[in-house]
Amino acid sequence: MSVSALLTPWFQRRCVSFVLVCGSTIALWVDLHLTFGQRKCIHKEHRFQKLQGICMNYHSPSSFADAARIAAQATGITRYLAGGTDVLVQMRAGAVTPDDIIDIKNIAGVHDISRTADGGFVIGAAVSGAQMGAHADLCAAWPGVVEGIELVGSTQVQGRATLTGNLCNGSPAADSVPGLVAAGAVAQVVNASGTRDVPIEDIPAGPGRANLAKGDVIASITLPARATGGGDAYMRFTPRTEMDIAVVGCSISLTVDGDTITSARVALGAVAPTVVLVPTAADAIIGTSLDDAAIDALVAAVTAAAKPISDKRGSAEFRKDVVGVLAKRVAKKAYARAKGEAV
Amino acid sequence: MVKVNLWSGLRHFTDGQVVVEVEAQTIGHMIDALVGKYPGLGPIFEGGISVAVDGDIVPPDTSKPIDDSSEIYLLQQMKGG
Amino acid sequence: MSKVHVSTTVNGEPVEFLADTRDTLLDSLRDSLGLTGTKEGCGTGDCGACSVTVDGTLVCSCLMLGVEAQGKKIETIEGMANGAELHPLQRKFIEHAALQCGFCTPGILVASKALLEKNNNPTEEQVRYWLAGNLCRCTGYDKIIRAVMDAAAEMRGAA
Amino acid sequence: MAKDTNMSDFRWIGTRPDRPDGLDKVTGRARYGADIQAANMLHAAVVRSPHAHARIVKIDTSKAEALDGVKAIVTRADFPTGLTGEDWDLQENTMAGERALYDGHAVAAVAATSAHIARDAAKLIEVEYEILPHVIHVDDAMAEGAPVIREGAAGPAVPPGLHPNVVGYTEFGHGDVAAEMAKADLVMERSYKTEATHQGYIEPHACMGQLGSDGKGEMWVCTQGHWYIRKMCAAVLGLETAQLRVTASEIGGGFGGKTTIFMEPLSLALSRKAGGRPVKLVMSRSEVLRATGPTASASMDVKMGMTKDGKITAATANFRMQGGAFPGSPYDMALYCAFAPYQIPALHHVGYDVLANRPKCAAYRAPGSPMGAFAVESLIDEMCAELGLDPMEVRIKNGSKSGDKASYGPTFGVIGLEETLVATKAHSNMSVPLGPNQGRGIAAGYWFNHGGETSVSVALSEDGTVQVSVGTPDVGGSRASMALMAAETLGIPYENVRVNIAETGALGVNEPTHGSRATFASGKAMHGALTQAINEMCKRAAAKWKIDPEAVEWKDGAAVPAGPNAGQFPPMTIEQIAKKMGSTGGPISGHHESVPGGVGASFGAHVVDVEVDPETGHTKILRYLVVQDAGRAIHPSYVEGQYQGGAVQGIGWALNEEYIYDDMGRLQNPIFLDYRVPVASDLPMIDTVIVEVPNPGHPFGVRGVGETGITPPLPAIANAVAAATGARIRHLPITPTKLLAAIKAK
């Protein structure tokens, strides 16, 4: 009784704070509840030591290897700090008080957008949305990816928010993730045993959760070279024009040969526990010139693929209706971009 | 005698009357006279009311003079934002 | 309680303070440095009242740790006027009655200044979207937008 | 506008000078609630119930007390007992007693040497709850079998046989409803609902309280009314009112929500327990949304009869409102305002105040009026559509005029609805052509305005400048309007007047800045105080000139002989009189205390053009017009600001703002990300027209302009959306989810 009683007043704030952080669900806060349950047990046993313990250890490593080592050795709650636009919200709400917070912004290269040999882009873990929006080549090659990150929060949040943070936060509504998935981006995940490439779509594990092990840290995200005749776009639906969490999000990346779509990837946000890649939706438009029949098939495919919930941001029925509307609008925008039309 | 217009919700404190007449020269006296005549109104007035005299909404205990020609309405207490 | 020593620059002046590692930059500015012109309206990055610039980038100071300020250049509302001479935005906000309660005003001024440094001739729509993260509950934004546009015009004329 | 012709009479009134507090507020110097620091200050945090309704079985504070830096913890056991009525309600809302009555209800508070320690300690306070059944929505709360929130809370006017959650009841009207309905060509009855919204001021509640064992205390607090804070804190803590001195900080918005107490007594109780150390208590945004005073939610049935040519013959209204776990929803004000713009031969109103497991509602800008207007103005629009009538003409046809009887009984004095509607009809926005999926909506709105207890003092300085002390905090530029009226009255420069918001020790009792009263009531009282000072200055001149004081008058900032018979003397200026006042009889000042009558009601009309995305149900505001009677605009910029701000709060209420509860009765959106107030990019410019039909009850014709503006947007937008889509939304907010479903259902 005492542990849960102790937690009860706190518990509500936690649910609230996570709803705000990533439109999350039961899965997330139950998960947290346990974390805190354990934390508070410790707290009760070593009250005074834990008192000081409440003051969080701030680490500022100079390499990802060090960062991974610190994380691997940490015994309590650990958080990486890049833009901080999620973790500080969680801390302010009393939802998380990390024992160790690892600031990765002093690691060489994390603020850089660099090019790969074949013309792709490597986006450092601490690159902000504002930086991406100011990068002409990136905007020209992957406008849909940039559209996504630029929809995360306000101008102020843009100054700090990162692709990596938006991805690791695990929100099904994360605006930058569908674009990365549609683009076929991969994350460079570092841990004590080295670095590995992980496709973006394999990282979200559910609301507020990511398929990353203790000690794993994402060092960068790589976007492939933009093929000629390629175009992408992202749109979301929100009740307000800004400062909102996507009720539905959709990103499509495609390539055309003349008028014919030769390849496509369609990713949806906020209509399932994670951002989802929908091959059937891609198949619906590949080989077509995005005629009405193709659009109808696309709408049918995304509507069928959407498994939304009803929550305070919108009903499941509404999300199923609007995901088709967005897919249609996004496809036309991506198609126009692929054909070099200015949109 | 001044004519006082109550709100009809007060009927069951005034033997079904919605307009009652009392002898009074000020709002304060009028309130006292009303409670004297219909004690059931006491708690209502204690809870707070407003009085409209010739269209001007005033607090209930004032010495504001009234006469037989005054238009008087009792209203629920005004609240503002 | 162990605190971290932070050296930074605020409004052009070198300053040092001790930060609890849990303090936000907003906490440090307000409580450690006494710069209370920067406000907390939400603590979640949704209202913009805590807007400051860090190395020239507009941020919410409630979404940054105080310890992260080490070695940075911070600009707050207190540094906006040049001595007794108000920034054109500050003058235009008074002139256009672009504030009522004035609580969101410091954040909106700091954000607007950042906009005009990026774009000295913004459209009304650009101003509205740039300031979408700065909530004002009193004015309905009308006079704020007019004041920013007018200040931009004056600054272009002056330049 | 009439304004300009009136202008000629005045030197200062109607001009737009810089506000006196402008510099402080653009430089970050102005000090708001949380901007205070004091030596030896402690920081407080509050433990709040996560349950909508629960019995508090046990509160164990031992672990928190053991925490280094914790100096005091208070629970309800630290408060006096035996309070009754509103005092008990305030105490119970400040700190839960036997039961937590809503999600966010305070159950304990702690003061510590840092905010971090205080928050950590709050988390260590163990509260054991026995969860009880709860109820959230007003119609559910009245229904048979609904959980009883408090037995015996019903007011004396509540008829027997209703659910115990019904705590207030009113009924009024006039005429023979049945007979007048029978004369109508169309009788329509509809049900409407509005959800609870929050004032959404950007400054969270903040205060610093200090209270010694001698019962003497000080408080610094952001509030619309520091005398109310003083009275309420004293009542809740059992203090002697005069021993508590309250200073109002600058206030970061209130809109009615800062006219009462929420956590202020906690800082005083903690201070007393911590040996009198000052205790600062600042709410987080989620605390503001969960545990301060949002507005009521409403469920309303309205029935109306109308002839083919648009005459309203009769109407009935049945309004039910929940104002949280305590009495006080504005069900009565809503009914008074609902039909006020119209002359209707027969009317019958019934209203219910109902308890639910939600925070205690507070006033919000024209409390009740927006809900009532939503129901009535929507129904008028629906009937106009049915009868093919022009909704503007119908409003003009039925509109109330000066000397008409108001829908709630009394006779209107001089009012400006007709002038307002005519100005609206004539505005260019009315003739802008509309495109596909676009619609135009209009609606009228009403607010009484308010006088209230007022005490003002003025004092002449040695150099002839003048200091004015008022008790109504400046929420939106009232220092400027006070200084303009003072300059006008004295005939001196605006810059020579300093307006101070005095603390409770410096003036008699003042009601808060509420009811749109500051410029009306403090302005009127200030005029009385200045008149007293002017009379004294004329006396000093008369003494010098050795003539009868009655033979001296005040003109352009100087005493002058009243006429040729009074003698030939050069004007004696305010500077000359001030310089010598020490030797001519001492300080010159004036004060005035009253509950000013002569309040002038304010009517408004709004016109909005919207465009709806038929595929997503998203509503965009294209154009917005506010037309309202100000009586007299003292500083037109701040009058326009009130119109624009009120309209945008109404837009938020109509489209996106609402309290959303889950099935456990927990508020699901207690942050600005999900409690969606309008942002700059959601809106166009807000056009305004200031109509001026001067109020004879004020020396300068002021009516009060703060509140009416939030009333018409709710129905105006619903009417515009219906015009754009053919879908009528009768339950606010008009979310995309609701609107898209309604469009598909057509």
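Lettered A, B, C and D in written order, each chain numbered from 1.
Criterion: a residue touches a chain if its C-beta (ideal position, glycine included) is under 8 Å from a C-beta of that chain, and two chains touch if they have at least 3 such contacts.
In this text, all values refer to a predicted model and were calculated from it rather than measured experimentally.
With steps allowed only between chains in touch, the distance from chain A over to chain D comes to 1.
For chain B, the chain whose average C-alpha position is most distant is A.
By count of C-beta pairs in contact, C-D exceeds the other of the chain pairs A-C and C-D. The geometric centre of chain C is 29 Å away from that of chain D, both derived from CA atoms. For the pair chain B and chain C, the distance between mean C-alpha positions equals 54 Å.
Remark: chain A and chain B have CA centroids separated by 65 Å (rounded to whole angstrom). Contact with two or more other chains is made by residues 1, 20, 22, 43-44, 46, 129, 131-134 of chain C. Residues of chain D found to touch two or more other chains are 116, 199, 255, 284, 671-673, 678-679, 681.
Under the contact rule defined at the top, the touching pairs of chains are A-C, A-D, B-D, C-D.
Those residues of chain B lying in contact with chain D across their complex are 5, 7-10, 12, 40, 43-44, 47, 52, 54-59, 62, 64, 71, 73, 75-76, 78-81. Those residues of chain D lying in contact with chain B across their complex are 85, 155-157, 159, 169-173, 199, 255-256, 259, 330, 332-333, 336, 363-367, 406, 408-413, 448-452, 514-517, 595, 597-599, 697, 706-707. Considering their complex, residues 20, 52, 55-58, 81, 83-85, 88-89, 91-93, 97, 101, 103, 105, 128, 130, 153-157, 159-160, 241-243 of chain A touch chain C.
On the side of chain D, the complex with chain A involves touching residues 47-51, 63, 66-68, 103, 107, 116, 119-120, 122-129, 284, 286, 615-618, 655-656, 660, 666-674, 676, 678-679, 681-682, 735-737, 740-741, 744. The touching residues of chain D, counted against chain C in their complex, run 16, 18-19, 21-32, 34-35, 37, 114-116, 199-204, 250-255, 282, 284-285, 475-477, 635, 637-638, 640-641, 644-645, 647-649, 671-673, 677-681, 683, 685-686.
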